[in-house]
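Common to both upcoming complexes is subunit A, partnered first by subunit B, then by subunit C.
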Partner chain A sequence: MKDKKRERRGKISRREFLKAGVVGLGMAAMGGLTEKAFGAPAVIKGTKLTILQGTYFIAPGQDLYKKQALEWGQANGVQVSADFLNWPDLQPKIAAAIQGGGVDIVELWPGWNYLYEKSLVDVTDMAQEFGKRGGGFEPYVLNSAPVKGRFLGIPHGYNNNSINYRISWLKEAGCPNAEDGNKVELTWDQYHAIAKKCKAAGHPFGQALGHSTGDPPGFCYPYMWAHGGMEVSKDGKSIQFNKPEFVDGMRKFIQAWKDGYDETGTSWDDSNNNRAFLSGQIASTVNASSIYFAAKKDKPELAKDIHHMLFPKGPAGRFYWLESRTFAILKNSKNIAGAKEFLKWWFQDKQYGDWWRIQEGYMLQPVKKYYNDPTWFKDPKMSPFREEPKYGINQGYAGPPNQRAALAWSKYIVVDTFAKAVQSGDAKASIEWGAEQLKRIYRV
Partner chain B sequence: MVGSETLGKRVLGIYLPLAFFIFFLLFPFYWMSLVSFKPTNDLFELKYNPFWLQTFTLENYLYLFQNTDFSEWLKNTLIISVVSTVLSLGCSILIGYALARLRFPGSNFLGVGIFLAYLVPPTLLFIPLSQVIAKLNLYNTYWALILTYPTQLIPFASWLLMGYFRTIPKEIEECAMADGCTRMQALVKIILPLSLPGMISAGIFCFTLCWNEFLYALIFMSSGPMKTIPVGTVSDLIKADTLFWGALMASAVLGSFPIAFLYSFFVKYYVEGLTAGAVKR
Partner chain C sequence: MGSETVKSRGGRSLRRLLDRESSLGIILMLPGALLLIIFMAYPFFLGIWLSLTDSVIGEMGDFIGFRNYTDLLGDSIFHQTARNTLIYALVTVPFKAMLGLGLAMVLSNRMRFSNPIRAAVMMPWIVPTALSTLGWFMILDPVFSPISWLLRSLGVIKQNINFLGDPILAISSVCLVNIWRGIPFFGITILAGLQAVPQELHEAAAIDGANAWHRFIHITIPTIRGVVLIAALLSIIWTFADFQLIYILTKGGPANTTHIFGTYAYQIGLSATDIGQGAAIALYMFPILAVFAILLLMYLRRD
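Right after this comes the complex of A and B.
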């Protein structure tokens, strides 16, 4: 009888309805709590997540990232593995992962978003949310990270790179305001005049011009741009390398190389100038703040005599080669949902902010909010780097940082042009050689 | 010149070139060991003689064992090298013997094919191999390397052993078979004991190649403590543009020790094995 009544009333009694409602509300509340406490849906529980990125110079940054990833994994029931590789070994490992799988999140370096465009998950919404929360992306990020308007990785910044110098030696050579790098304002001509005096006093400047991913392009691209040269124009097709003003700039550099630099620099890689600076062989070099940090740890007396300054200005202005690194998700990942949840969580203010701050200014800010962060003012010797993002432009400028720009970069065409120039002493012929190489890449 | 009785000629013709050669070969090992026993500060101090120790320290070796997974890397490298070498040697003995002794259609073609396989560089092979390793679900396991290393080891070792087997007179084997041995028994009881120098030579070659291999180890097995010495050394002791020179050299010293040890015992056989078949007897 009762059953029949229930059928008539739509198969559910009032009591059962209320019971179900209470249970449902309870579960919803629990779900809300779970979401808050662990930050991710239960669907990713029991999955695996592998993250691959380059090693950190600032070891606490690497340790913190690993700790954060493992904590997130434990809270969400995900088995997380965070692996760190030597920088040059990252790309073959990523290439293999794209073919064979086994990695979910990868750290991409400038230009790689273009190279692996078809293998990356679109994370535009997540990147834009991070940018919006941070008061907008710095221009160098917007120049370099999006591929045809889409974000295929979330930008997390780039390591700093500027001029590291010995205060006492530059002071002796007459550099104005040498004791405070924040106040040093030079042109390339003035910088090279100081180099000449320093070399005469037995302390040449040092510059790596070998095939190495950091310091050689870190110097050559900005010097080229500052003297009116560029690889291509905005259309990404017309080669703008062989320009008279750049030839003039190169002639000056050839002379400065003889007068003011350690001439063995043509065979130096990223580590040689660090070693030369730390052993007191050179007075100034283009490098990240890794020299200063190493000196603070092992040679505190030397660290007191080190400061940083912004790149000098050239006739065309001041420039930095600066592009963002990104964290991207591979399309062949078996755990795209987990990867998205992790990145969403990691790019929150707490996690990202802690990670960024622990590197004490070694990592440049990708979003404007961190420009005024107290981190920049703890040590005045790190403050000059804060301004670097303002002047950052991408490889392949004024064109886009696409596959061709990445190819020209990986073949070290701009760097080799400089090396050829200082070795041969012929600025025009070296730049003509570089322009010819670029034409082949841009198929002009 | 060689064997001359005049002291001056002997010095000029033998001892001087030999001294130069020894210096050229041993200097990197001297430098490696020297740097591994220097404190970091001394490495950047120009006032000290760079070719001698001012202060002796074991801090680099301690760093290696306390701050990295070096003992794990050592264990991984040893297991992979030994198993790959044994596996490759087993296959190469059978292939080398078959190519040297058995006559079957296409044997020459097969021999050339195996040799050509050796010429394919790992930089071309690693992408397709990574798909195979992923399909077999072997990433970050010993098997990923134990199964891929023989692709480089077997072709060379087979050719080396084939050359060695050809130097052993067929008649010995035929006598054994006439006395009742099967072909396999003749191989195991007669040919293999006579081929010991060749096998040692192939074994050392295989072991050294496995021990030093970098690319496959980086691609297929480099997560957490699952690294080999070459991969672990560069990924954990080079941080961006800063190299931990002392620890790097300590790792290089410890990493090269097993190979040097192995060579020192078997160098005589190694040379004999490599040169067998070079001249007709």
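Right after this comes the complex of A and C.
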């Protein structure tokens, strides 16, 4: 008898169906709220949902996310709290949440899906649905988000990252096509020759080499790959770090550091170069477009003089360290159903699209359909980033992205190799140190 | 009637229990002991167990004996971390002690507003470390440091000082901040010791012709020696186990030149998720701290 009642409870009566239809039509007429109010089962009503993610450099993106999450919570009777943490603090907080609980959804940086593999809920179906709707995932996403064929988080892209430079100062230093970053094609050697001239004119280049998770690895990995260095071979069985061509590339970098860079960069974190650039201290730096957005908001004259270019090429080609971030659900969450419903809703075209577009190209497209989105053509200064995914490869390349690669990344082995090199002036010894550390990590 | 008898019997036995000094002592000690067991002993033994396993975040590993400890012996970052910790803990203490002594001597003099001044000098010690270190983070900023700005304006330097980016300057800078934070503790502790020195001794020595320096060497120093020693041992223990100051200023960078046990354990255990090895790094501190703690206890017992 009870079972029958329960069965009936699960089904919707005609009266309820009509009610829902009328309410639904009314809400749709009020502004397309259908997706917000429906699709979530009543079972999650009265629950709590805690979301942990990195703080945004593009404030409107963070505000919108918070607004969306709260609206969804109100519509579904779920008490949602969205917390935004400084990037270096995010990983330890997630680790603590895995050990101690209290968090439902976390934003994972590249590689963390491998590190926390056993603590994450499999969301393959939801991720694939998002990918399918978007015309398929970009290769960099497919290369990094699935762990052994399963998605343990839904990929939402990665922030752009390339060369931000002052048009006038690079023009003075003889950079060809400096006025249009889309047309600038340089090698690392040429880029550093320009740096030397700029520093002589009082405008050095800036590069963060401290223990920070964004810009230091964002520069060091691509420079290493462009000069033939890599952490490990394709089969993951031998360390390919201490290669003569990389040692040669590092020697050039040490010289360039003295000649063309602000040498205090060894202690810079992800925000130092933003501040140095915005205050007119440096002519060029590797960063996301957040510098440009901040200038547009507060220093429009400076913004006019800023452009972006793709990374220069090295002897081995052009590379970006690019893997997707993901929104994942922790296995120890007490509200897995609610977390799934929220993510399912948030990754709908309306919500995700609004969130992606409001950041004006700061987030790179995880799915192919956004490659041709009008967002990319609004401002030609943002167009170089559109091409970035083409050159993106994973940490641990040429090996697969895995726990070992993530470990090396978390221990800042590649970044510290660069920092050691510029501090000591000894490229070979620094690379040998890095190779030794990688051998320990990869156990080869 | 029967239940009242039972109640009164129960009341009597409870009273007897409370009257007996030995049982009362145990009862009064229980809440404290319970807190110590939950918040100190349990995490400590869990840490020891974790360090003997290959546990990672989210997954309890298998017992691997002392492999985490022996692995670390071959890790050059760990060697550097151990060196940094020793420098950080041992080099800073003499400075803190000397400057603290100077501060105490100044404060021991009767002067106007001495109480508010004494309270004010405690500020570096009272203000939460995270907050005061953020202030230093701005002072030592590689691009916007007011010190660099001033020296550049005066034409003393041409480039900003790389306080936290140069290996020597970075470790010196974190030591400097640690000294700044630690001086008030020494100052106030020694001040308390100074106030215990009987004034008559000084007066008698002065009558016998001893000058201020002689009185300082032969009366003041012997009297406050114990206090200084206790403050120094406590300071070494706290500095060894420090974390916040380094984490805020450098996160162990650049190139690990400021990593100390606490920050390296955090990086390996929580960032790199190797919680077994992270625990082993933290526990390497234990024998060193234990030696200092035993020395401290021995000294206190002797007195």
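The rule we apply is simple: the second predicted complex is superposed on the first by the 407 of 444 C-alpha atoms of A that agree within 3 Å, B and C clash if a C-alpha of one lies under 4 Å from a C-alpha of the other, contacts with A are read in each partner's own complex, and residues count from 1 in each chain.
Quick note on the criterion: a contact is a pair of C-beta atoms (placed from the backbone, for glycine too) under 8 Å apart; a residue touches a chain by one contact, two chains touch by 3 or more.
Everything numeric here is computed off the predicted structure, so don't read it as measured data.
By the document's definition of touching, neither partner reaches A:365: not subunit B, not subunit C. By the touch criterion defined above, A:95 reaches both subunit B and subunit C. When the shared chain is aligned, subunit C comes close enough to touch A:419, but subunit B does not. Residue contacts after overlaying the shared chain place A:275 against subunit B and subunit C alike.
By the touch criterion defined above, A:265 reaches subunit C but does not reach subunit B. In the superposition on chain A, contact is made by A:56 with subunit B only, not with subunit C.
By the touch criterion stated above, A:440 is placed in contact with subunit C alone, subunit B being left untouched.
Applying the stated contact rule after C-alpha superposition, one finds that A:209 touches subunit C and leaves subunit B untouched. In the superposition on chain A, the residues of subunit A contacted by subunit B and by subunit C overlap at 92, 95-96, 99, 275, 279, 281.
Within the complex formed with subunit A, the subunit B residues making contact are 40-41, 43-46, 126-128, 130-135, 139-140, 215, 218-219, 222-224, 231, 234-236, 238-243. Those residues of subunit C lying in contact with subunit A across their complex are 56-59, 71, 74-77, 141-144, 159-160, 162-167, 170, 250-257, 266-268, 270-275. By the touch criterion given at the top, residues 50, 54-57, 59, 81, 83-87, 89, 92-93, 95-97, 99-102, 159, 214-215, 270-271, 274-275, 278-281, 287-288, 290, 294, 298-299 of subunit A touch subunit B in their complex. By the touch criterion given at the top, residues 88, 91-92, 95-96, 98-99, 115-116, 118-119, 209-212, 262-269, 272, 275-276, 279, 281, 331, 406-407, 410-412, 416, 419-420, 423, 433, 436-437, 440 of subunit A touch subunit C in their complex.
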